[in-house]
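In the two complexes below, chain A is the common chain; its partner is chain B in one and chain C in the other.
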Partner chain A sequence: MAGSRRSITSYEVRLAFPLALFFVVFFLTPLVILFILSLRSDPQGTSHGVGQYVQFLGDAFSLGVLGSTLWLGVKVTVLALVLGYPVAWLHVRSPGWAKGVIMLIVLLPLLTSVVVRTFAWIVILGRQGIVNTMLIDLGLIDTPLRLLYTETGVVVALAQVQMPLMVLPLITALSRIDPNLADASSMLGAGHWRTFRKVLLPLSLPGILAGCLLTYAAAITAFITQSLVGGGQMLFMPSYIYQQASALQNWPFAAAISIIFLVAVLAVVSIFNVLGRLSRGYAHG
Partner chain B sequence: MQLNRRHLLQTALTLGAMHAFPGITWAQARPLVFATFTGSWEEAHKAVLVPAFRKATSNADIVLDPMLSVDQISKINAAKSNPPIDVMLHDPGPALQAIAQGLVEPYPVERSAHFKDLIPAAQEATGPSPFFQTVGLTYNPDTVTTPPTSWADLWKPEFKNRVGITNLNSTLGTGFLVEIAKMHGGSESNIEPGFKALDQLKPNLSAVAANPGQLATLFQQGQIDISPGNFNAIQILKARGVPVEWVAPKEGAIAFKTTIHIVRNSPNQELAFKLIEAALSPEVQAQLMEEPYLIVPTNTKVRMGGEIAKALAKDHADMLSKFVFQDWAKINEQRSAWIERFNREIRI
Partner chain C sequence: MNRRAVDYEAFSFRFVMVAVALLTLVLLAAPTVVVLVVSFTNGFSLRFPPPGYSFRWYVELWKAWQLQFAMVNSLKVAMWTTLLSVVLGVAAALGIARSDRLTAKVLDSLFMSPLVLPALAFGLSALMFFSLIGLPVSPLTLILGHTVVSVPFVVRNTVAALAQLNPSLLEASASLGASRLLTFRRITLPLIRPGILAGGFICFMASFDNVPVSLFLRDAATDMLPIRMWQDLEGKLDVTIAALSGVLIVATIALIMVMERVAGLSKRLT
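The block that comes next holds the complex of A and B.
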């Protein structure tokens, strides 16, 4: 019997078959169909070629939409990180009961639909919204500011809507750090800032990267928040795809935009991955 | 299995369908699927049209599957030989697309009891128009004390940062652009003056909504005080206590025909015909004209009354003189170019 015993850490590849099959049928196949569709030269499919890609990549406006979408993701991610890091830190350093409260506050947005969260932002940012009313009552402004349907509005709303995706990985990473390390650092004469920069930040880097990756991917593809808070004149990739596919029934071009968007996002993701690998070296080396 | 009238009817219809379309004999007999629009349309159809249809067909099964026009077209295109929808509802632009793509069965006009009673503009052999949508000016009476009378009022300096429009993805947005082009000497085939006018509207624009539904939210939030708006959408807002009023501008309210079509290759052709007949009937149209639906009837046997007679037109002759119809065949030719141009030029 000893011969048939296997190491308990190796597992059967065959166990992954159901998942693999699921992926092939529901993810890979549609993707291939999408790609084939994008090679049509016109919606009727009379001839094939890379015309749709040439059209997108040779058009400054379309490239601008792609650029502004990727850049929007960067802004949202940075804001979510700046606001989310202290929350995660607070959670890790709080006593038990406070941990529960903070976790509840972090998770609460996930329990409601993204549409509801986004509508709340319409109420907050509107002309008679909380922000404008407060500024007018304080006498800081005379006429309401235009906050809704601006890019700043979209960035702020997205950062809040996607915040749990940033905070949860950060909490995981931060709670793995031995609290004694910070004490040891200050014993050795490092100030708070130095301890943060030299000890906590490097050790939490995997969490930061995971959080950034999730927030980034969610922010650039957030069709609902982008269109509700951004309005109809601010065009990002998801609404560009929707417009071409739905309003114009130009499926080949919409498919080509989708593929280009996918490739661009994959590029960003692989940059994150490279950074992740480097960060491991940084933390342990 | 118990035999009752319903089962017998279903069996008979299935056999009939199988006989008529041998290609679909493997298809399961299913209830009639009517793709109406979401929101107030669905409510109105569920409350009035469906009961009338059930009565006319001894309780045939029907399912409402509300979705946007473009989604209807996509879904049917994805399964042309065995479409998941039997009856489509369309705005003028998508209707022409659906017809051009061969998704529509011609309406059996000669068998129809009500077709000849429709106003001429509604008599489309590809699918008649049981309802109209009308677009005029919507405003907040609390902040706009002098009611607007013309599209041109949107450009008044007093409405700086108060005006809302939608982009061209919607019928409303496109129809509005065509109308202001016409106001400045353009037409469906010459949109240039429209874009010029939109450019001059920029200082007044507070919001370019992604769809007409967003305009409602913006009125509620006080983000905008005046906008082009759909008569029916505004009645619903008003009923919920939002301070909004609707007027037809003196240039005429824009009227969009909402057409209803039998889907080609539908396994339920006869039931689809019966549903459309019910939608054209004066009984259903008269009921839909009442509060809270206020849907403009196209059957000339329906006498206009209530809010519609007050705000829109007192009879069908009056309606034809007050409404402006647009040439959507021409609009469709260039719509994608307009949308592209709108994407590039309208940034506020």
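The block that comes next holds the complex of A and C.
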């Protein structure tokens, strides 16, 4: 009987085929078309070649946009890690009711509309915003500082907007660590800082890497936050793609920029995946 | 090391960790609180703290038909996207969960890839694809595009719920003579339902909030709420948007509370 060879606990992989077909048609095919279009030398498609890529890679302005986007991601990720790690640490050590409160504060930004979250930063950083009002009231400054439309503003806003993506995997990783290990470490004479460095940090490395990957990928592709807090002064890859495709109708170049951005993100993801596999081996034995 | 030094060392570690954690929690919560407060201003600017308080911008919201139109569109698209994602995603999760086959692993990576790839690049490619096959921009193209970027949440949460399923329950059901279908309906489905609910909820929020895909697949007739808000904010800093944000924040908090009760949302995200 054919049925008896199937285990009751697993289902047939066939069940995944409808979604697989959906992805082939509406996800992979568009990406292939994007690639083919990027090989057009002009919007009409009279000739083909790698001209668009040569143009991008030979242009200091375009390379600058790519570089500043990737670098922006690094700054946001580091800030989110430094600020987010203690939150995860506190969550794991809190009593039940405090866990709930911390979780709500962490989850709320994750599920609120990104436009709302970004809008909040416009209110905070604006000329009449809370930061400027406070500094003027304290007599520290006379005229409002320009905080909106600066890179620092973008980094802080993005770190807050994407923080949940960092904190959630960290909570997972930290709650899996046996608390006896820290006790054993201090029993053997190590101080709290040393225990943190030698026990907690290495064991939570898989969570750190998972959080960093999610935060990084989200930060460099965060079109809304980048364009609203950054304003017209700063150009990052998502806005660059949108500008070329929408305002200038230069589809082949927009397609080429998209492919370059995709490849850059894939490269970063692969690096994190390799590091993640190494760190799991390190953390679990 | 004497005892005082040890205490100081322990204190300094705890102090730094707790201080940074509390500061970050304030930083995380502040934007939401600030928007809620500003939305009750009686003035015309986004000054904080507001000069006085009133409901005027919420009343204004009642008359903002463009925002309401976009909101209805976004809700419709998010509903259909969630429906399509749950049907396709739960079936796919059943197919790939608990399987060691290479096909299952490859499909899992494929289904998760929209989560890390820049959605804006996908949005552009989807627009090129639909214009090539001659399908004009419509709610249908929006639903198809949104499903690609939102279905991973359903697949991931359902796979996780299936992985936690105790196989002996299924074996017991089978040994008592239940068919595969009956076992699925009476044992598997009730046990993974919270996972499906959580996945569907996050999928709905992801579609409702989607910008990068909608940006390319929408036109004036299918205006979407996040895009409408973004364009309003680019032009002028409208206080009506603060009132709308207030409504969205309260609705989100209420939904999180409900989902926490029925699906244990926070446990599924960590």
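Here is the rule we go by: the second predicted complex is superposed on the first by the 268 of 285 C-alpha atoms of A that agree within 3 Å, B and C clash if a C-alpha of one lies under 4 Å from a C-alpha of the other, contacts with A are read in each partner's own complex, and residues count from 1 in each chain.
Basically, a residue touches a chain if its C-beta (ideal position, glycine included) is under 8 Å from a C-beta of that chain, and two chains touch if they have at least 3 such contacts.
Everything numeric here is computed off the predicted structure, so don't read it as measured data.
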Next item on the list: Based on the superposed arrangement around chain A, label chain B with chain C as either clash or fit.
Entry: clash
Checklist line | Which superposed partner A:128 touches (first chain B, second chain C, both, neither) | finding: both
Next item on the list: Considering only touches as defined above, state whether A:63 meets chain B (first), chain C (second), both or neither.
Entry: neither
Next item on the list: Examine A:102 and indicate which partner it touches, taking first as chain B and second as chain C; both and neither are also allowed.
Entry: second
Next item on the list: May I ask you to name which of chain B and chain C touches more residues of chain A?
Entry: C
Notebook entry, point to check: Between chain B (first) and chain C (second), which does A:247 come into contact with in this model arrangement: first, second, both, or neither?
Noted result: first
Next item on the list: Identify the partner contact of A:228: answer first if only chain B is touched, second if only chain C is, both if each is, neither if none is.
Entry: both
Check: With the two structures laid over each other on chain A, which partner does A:13 touch: chain B (first), chain C (second), both, or neither?
Finding: second
Note to self: So in the superposed three-chain picture, is A:271 touching just chain B, just chain C, both, or none of them (first/second/both/neither)?
What the structure shows: neither
Notebook entry, point to check: Does the superposition put A:149 against chain B (first), chain C (second), both, or neither?
Noted result: first
Check: Just one of 63-71, 279-287 or 315-323 in chain B hits chain C in the overlay; which is it?
Finding: 63-71
Checklist line | Common interface positions of chain A, toward chain B and toward chain C | finding: 119, 122-123, 126, 128-129, 227-228, 245-246
Item checked: Contacting residues of chain A [partner chain C, same complex] -> 3, 8-20, 22-23, 26-27, 29-31, 33-34, 37, 82-84, 86-87, 89-90, 100, 102-117, 119-124, 126, 128-130, 133, 160, 163, 168-169, 171-172, 175, 189, 191-193, 196, 213-214, 217, 220-221, 223-224, 227-228, 237-238, 241-242, 245-246, 251, 254-255, 258-259, 261-262, 265-266, 269
Item checked: Interface residues, chain B side, partner chain A - complex -> 68, 70-71, 73-74, 97, 161, 166-169, 173, 206-211, 214, 217-218, 221-223, 335-336, 339, 343-344, 346-348
Notebook entry, point to check: Inside the complex, what are the residues of chain A that reach chain B?
Noted result: 61, 119, 122-123, 126-129, 143, 146, 148-149, 227-228, 230-235, 239, 243, 245-250
Margin query: Going by the contact rule set out above, which residues of chain C touch chain A in the complex?
Written below: 1, 6, 9-10, 12-14, 16-18, 20-25, 27-32, 34-35, 38, 45-49, 88-89, 91-99, 101, 103-104, 107, 110-111, 114-122, 124-129, 132, 144-145, 147-148, 151, 155, 165, 167, 170-171, 173-174, 180, 183, 202, 205, 208-209, 211-212, 215-216, 225-226, 229-230, 233-234, 237, 241-242, 245, 248-249, 252-253, 255-256, 265-266, 269-270
